[in-house]
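You will see chain A twice below: alongside chain B first, and alongside chain C after that.
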Partner chain A sequence: MRRKWMRFFLFLFLAILVLSVAVWGNRLAPWDPLETDFEAKLMPPGREHWMGTDNVGRDVFSRILCGARNSFALTFLIIALVSVLGTWIGMVSGYFGGPLDTVLMRVTDILLAFPDTVFAIAVVGMLGPGLKNTVTALSFVWWTKYARMARGLAGVIRTRDYIVQARFGGAGTLKILVCYVLPNIVPQVIIMAALDVGGMMLALAGLSFLGLASQPPAPEWGYMLYEGKSYMQTAPWIMIFAGLAIFVTVVVFNLLGDSLRDILDPKE
Partner chain B sequence: MIKYILRRMIQLAAVLLGVTFLTFIITWAAPSDGAEMKYVSMGMIPSPELLEQTREGMGLNDPVLVQYVRWLGAAVTGDLGESVKFGDPVLTQLAKKLPMTLKLAGAAMAVVIFVSLPLGILTAVRKNTWADYIVRFFSFFGVSVPNFWLGLLLMYVFAVRLGWFRVVSGGTPGGMVLPAAALAVPMVSGFVRQIRAAFLEELSSNYVVGARARGIPERTIILCHVLPNAVFPVITLAGLSAGQLLGGAAIIETIFSWQGIGNMVVEAIRVRDYPLIQGYVIWMAVIYVTVNLLVDVSYHFLDPQMRLGRRAD
Partner chain C sequence: MRENEGMMGEMRDRRRETGDMRSERNVRNKGNWRGVVLAVAVLLTAVFGGCGGSREPGGEDRNVGGERHVNVAFFWITADLDPAVDYHGWVTSRLGVGECLVKLNDRLEVEGCIADSWENVDDTTWRFHIRDGVVFSSGVKVTAQSCKDSLERAVAVNERGAEYLKIDSLEAEGQTLTVRTMEPNGALLNNLAEPVFIIVDTSQSDEVMRQNPVCTGPYVVASFASEQTVELVKNDRYWDGQPGLDSATVTQIVDGDARAMALQSGEIDITNTIDNTSVTLFTGNPDYNVSSIISPRVNVAYMNHAETSPLRDIQLRRAVSWAVNREAYAGLIGGSEAHGVYSDAAPFGNETVTGFGYDKVQAEAILDEAGYVDVDGDGYRENPDGSPLILRYLQAADHGSADSAILAAAVQSDLRDAGIHMEILAVENLSEYQTRGNFDFYTGNDNSAPTGDPQVWLETMYTGLGTWGKKNLTGFQSDRIDGIVEEMDRTFDMERRYELAAEASQVLNDDAASLFLTNSYLNMVSSAKVKHAVQPVADYYFITKDLTVE
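Showing the complex of A and B:
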């Protein structure tokens, strides 16, 4: 158990490290991430530009530092959105049961029939590329997972004695949901959300890699990869470092999610 | 058995009906519509009156439900409209591109199974030895690696630097190696974990202890007793990852210019070819759901307990 906590704190520390890069990336960056310099375009990594420069002479290292903020902000925004929304929808549905529950489950059945990347690509494709539509698309795809889990848990919890007693004690439905049902669902939601950070980041990067998500010239990792792809022959460092940034971040958050599950979930 | 399949087919039909409805609604909510696209594809900017007239003519001013029923009626007869970009009927276009994607996805799946099954068994049997640690270490990183980055790296190393493959795959078997690998590697990791877990669970069950007590060689136990039981989670996983495969293919195909359905849809998105995007989503959903139905049905053939109706589904 102590080793589990040690591991957890180690990964938490790493995650905070990555996060602080995202928060203070703008100040740490040695160059302006948007400043173009055609004299210095496609320069290989060197003393001046640690990770080289891209096709218009922007410093890749600075762009990665500043891009972190965009990637993180979006990832956390979507995770927060889907976990809160999904949990509430699922909880209400599982707690009340009946026709509402049936309808909801059929809706999730339909949504689960779409492979998630395919669906996200298609939704963004139809609504039009852009940040807002990317958030919409990914939220649309991911909330069902949380709803299903919350529904399952709420369905079990509602038959528990303490819920019956709370009702005898005169607690209203909203109070029961918020004070007695929700707290018993939240730990599972947190585990799921923590494990999803990495996956969400990949999904997001995948969409912006296809040129669907971000708005240039603002730096964003997936989009940097997309740009770097065209210069692979002459300037491979653009795509190597942008991908490395995604990879390292996803590794850290997957490790954190795993260790959090080890601590919170006695089943594993 | 037949009753079960029938019931599942009816469920499937209901889900697919929902799928078409949802897809239709999203297209309907899209910022530009068929009438506008028609003129844009001809390179014209229509006047508002003309646009309105065309909308009326195309029935785009009718209530959504009426439009949906009309569209669905055409869709069941195989008419999903015409692709704006390619000019073909959507179905023809899909049928042309789909085999390439299936080929790629099939190759990737084969790689996944052939690599992850031995590795999964190895890690379970040699639990907590260096072999286990090494495989788990790599499989952990495999889960976290973005497949498009892996695709680019593979391309850079093996096509650009070493020149073993061509940068543009061109649909040849040789050109399939890199995209299939890029698709397979992240999935292998997930499979190894699952197979390892399934094997460990089986290995700790009573029949294995019994077999060991009877002096049956370990290899026979693993291959003849445990493997057939542990294969079920693998089948389920294979079905579920069909979705991952189809989605991943969309991204990987654009990297390697593989002329499959994923590459096509990204092109379609660039020019807002709604009918084609619509057809793509629906077909992906159909394939995904059908694969998973087949997985469930295969249980009934493969698992004697299920065949006898002892295990509830």
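Showing the complex of A and C:
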């Protein structure tokens, strides 16, 4: 039990570290992430530019620091959106059952039938590139798993004695949902959301890499990978550091989600 | 994303599940680690993907049996090879399959090809002599009649073809082809070098025309896979000597970096249009030949003159034109600073044209005077009426090159320095946005002398006479340019045409018509065994009869 908590705190600490980079990255950055210097293009990592410069002479280190904020803000925004939306849809569906449940679950079936990233690419492709459309597309494909989980839990919970008693006690449907069903679903949702941070970050980076999400010149890790692609052999530092940033963040958040589940999972 | 699929599977299971969470936890745990493993894999692929170094040739090496074969990569292979359709003829020409009546040399001058001599009888009449001894790859002799049929077909099928020639009638007699135009057309001779006018045997079926057009070039299509590969074999009946190769495999590789890597891995022997930075991998390396030239292509950001765009104001266009540092851009992507609508590679008197240099102070002074000032203190200037000024820049990649993205970032940065807010919209397909008139800039890497003559481009992009495909989408209109184009119609003396071109170029600069950025350079990179691989100035040539291997 203690090891579990130690693990959790270790990863929480690392996650907070990464997050604080995201929050204060703009102030920590030694250079303006948008400032170009055509003379200093493709400089290898050195004392002045710790991670080198990119193809128009922007400081890679500063761009990675500032890019963290964009990546995190979007990731958390989408996860907040899909977890709230998905949970409510699933909960309502599972609690009431019947035709409503059937319809909603067939809709999720349809959405789940597609590989999510490919589906998101298709949706962005139709809506046109841009951050707003990316958020829409990813939310559109991502909410289903939250709905599925909430629906499963709500279906079990609604037959429980305390729900029956609450109803006898005069509680309305909304009150039952909010006060008695939702609290029993939230821990699972939090675990799932924590585990999702890594995946969502990769999905976003993937879309940016394809040029569908963030638009230049905003520093964004996925897009930096894309920009660095042409220089893989001549200036590999552009890709390596952006890739490392994604890698470290995804690993930290996956492990954090993992240990969070170990602690929160009521069945343990 | 594996992880999520795992999670979803798990969710499906959970619907049925009521109790045993422990077994489920294992599933989830695995899913999570899979995510980490995947992340590592992605990273490693990203970092080491390109470090393969020189492996054994991946492509088929057929040279062992004494057969002279090369593997070629094009950035574009068309859906079919019918030269009269769209710009498909450009590929048919690059393949060394199709030839026109005349061709362009590296000074963009007209030389004989299927026609060996010609005379300009009067303003609307031209007489061509078709070279004796030229035969189609099928063995049929090329006569004036076959040229007439071919040209008539091109004009009927392709609007661009019709505009380029303005033909009234064609007459064939033996080896003499007489061309009558509806009005004087000074650009006719040069325009005949455009691959839409490849001389093709029109007696063949449409299917043959698409898959294996019967032409007169040094190579013949042996097999064709739409937008993928073309297998070529030499044309034994070629009129101008023996082709240097027995066979060639041409593959489409859209991405410039992928082409460079294919060359390094030995998968291909020759390609062109490699980005500036990647070219440094090959220059000075004895295993490769690099042939680079300044091309007639200009990297340009077209400015919208329509009412919907703030750039309809000439003062804003002038300020933008002063604010960009073209010389530095040339350093970033290779090539040279653009002076106007025509590249320095074209002999159209660029030395007499004054263009815009880099002068931030001047740009700012113009903006201040015209009333573009920052009233809300956000670091960006507002319109004179106080409304926010945001310019939309549509950027699309040409030829699988990263250059347009680099230029966009650089222009954006320079405009930001001058206080102008510009947004880049990286798009896959420009035309979707252009037709809506929903842009302030759009990028092009355009050949402004596609036939070695200045008129076509001027007419296409800066008058209302736009041809198919590329056309004037910016709403640009100038009586002076219209006048010059009309005068060019009647002018048959090349020197005078060049003078008119320089004048037009100056008019466009004075009006800050478009943002001409750099003269782009073209390069051809080949492995050392390939000989005579030279990048031609007219970039619809590629595989020539001289190309060979040791």
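One rule holds in what follows: the second predicted complex is superposed on the first by the 265 of 268 C-alpha atoms of A that agree within 3 Å, B and C clash if a C-alpha of one lies under 4 Å from a C-alpha of the other, contacts with A are read in each partner's own complex, and residues count from 1 in each chain.
The rule we apply is simple: a contact is a pair of C-beta atoms (placed from the backbone, for glycine too) under 8 Å apart; a residue touches a chain by one contact, two chains touch by 3 or more.
What you see is a predicted model, and the numbers here were worked out from it, not measured in a lab.
**Q** Report for A:127: first if it touches chain B alone, second if chain C alone, otherwise both or neither.
**A** First partner only.
**Q** Answer with first, second, both or neither: which of chain B and chain C does A:178 touch in the superposed model?
**A** It touches nothing on chain B or chain C.
**Q** Going by the contact rule stated at the top, is it chain B or chain C that touches a larger number of residues on chain A?
**A** Ranking chain B and chain C by residues of chain A touched puts C first.
**Q** Which partner chains sit in contact with A:100 here, chain B, chain C, both or neither? Use first/second/both/neither.
**A** neither
**Q** Looking at A:152, would you say it contacts chain B, chain C, both, or neither? Reply first, second, both or neither.
**A** second
**Q** If you stack the two complexes on chain A, which partner ends up touching A:239: first (chain B), second (chain C), both, or neither?
**A** Both partners, chain B and chain C.
**Q** If we overlay the two complexes on their shared chain A, which of chain B and chain C does A:110 touch? Say first, second, both or neither.
**A** first
**Q** So, A:55: does it touch chain B (first), chain C (second), both, or neither?
**A** Only chain C is touched by A:55; chain B is not.
**Q** Between chain B (first) and chain C (second), which, if any, makes contact with A:231: first, second, both or neither?
**A** It touches chain C, and chain B stays clear.
**Q** In the overlaid three-chain picture, which partner chain does A:119 touch, first (chain B) or second (chain C), both, or neither?
**A** Only chain B; A:119 stays clear of chain C.
**Q** Per the definitions at the top, what is the overlap between the chain A residues touching chain B and those touching chain C?
**A** Dual-contact residues (chain A): 115-117, 128-129, 198, 202, 206, 225, 229, 232-233, 236, 239-240, 243, 246-247, 250-251, 254-255.
**Q** Can you list the chain A residues touching chain B in their complex?
**A** Spelled out, the residues of chain A in touch with chain B are 106-107, 109-111, 113-119, 121-129, 198, 202, 205-206, 209-210, 212, 225, 228-229, 232-233, 236, 239-240, 242-243, 246-247, 250-251, 254-255.
**Q** In the complex of these two chains, what residues of chain C are touching chain A?
**A** Of all residues in chain C, those touching chain A are 1, 3-5, 7-8, 11-12, 14-15, 17-18, 21-22, 25, 28-29, 32, 35-36, 38-40, 42-43, 46-47, 49-51, 256-257, 260, 275, 277-278, 280-281, 325, 328-329, 331-332, 402, 405-406, 408-410, 412-413, 416, 423-428.
**Q** Please name which positions on chain A make contact with chain C in the complex.
**A** These residues of chain A touch chain C: 34-36, 38-39, 41-42, 55-56, 112, 115-117, 128-130, 144-145, 148-149, 151-152, 156, 192, 195, 198-199, 202-203, 206, 211, 215-217, 225, 227, 229-236, 239-240, 243-244, 246-247, 250-251, 254-255, 257-258, 261, 265, 267.
**Q** Give every residue of chain B touching chain A within the complex, in rising order.
**A** Per the touch definition, chain B meets chain A at residues 14-16, 18-19, 22-23, 26-27, 29-31, 140-141, 143-149, 152-153, 155-156, 160, 242-244, 246-248, 250-251, 254-255, 265-266, 268-269, 272, 274, 277-278, 280-281, 284-285, 288-289.
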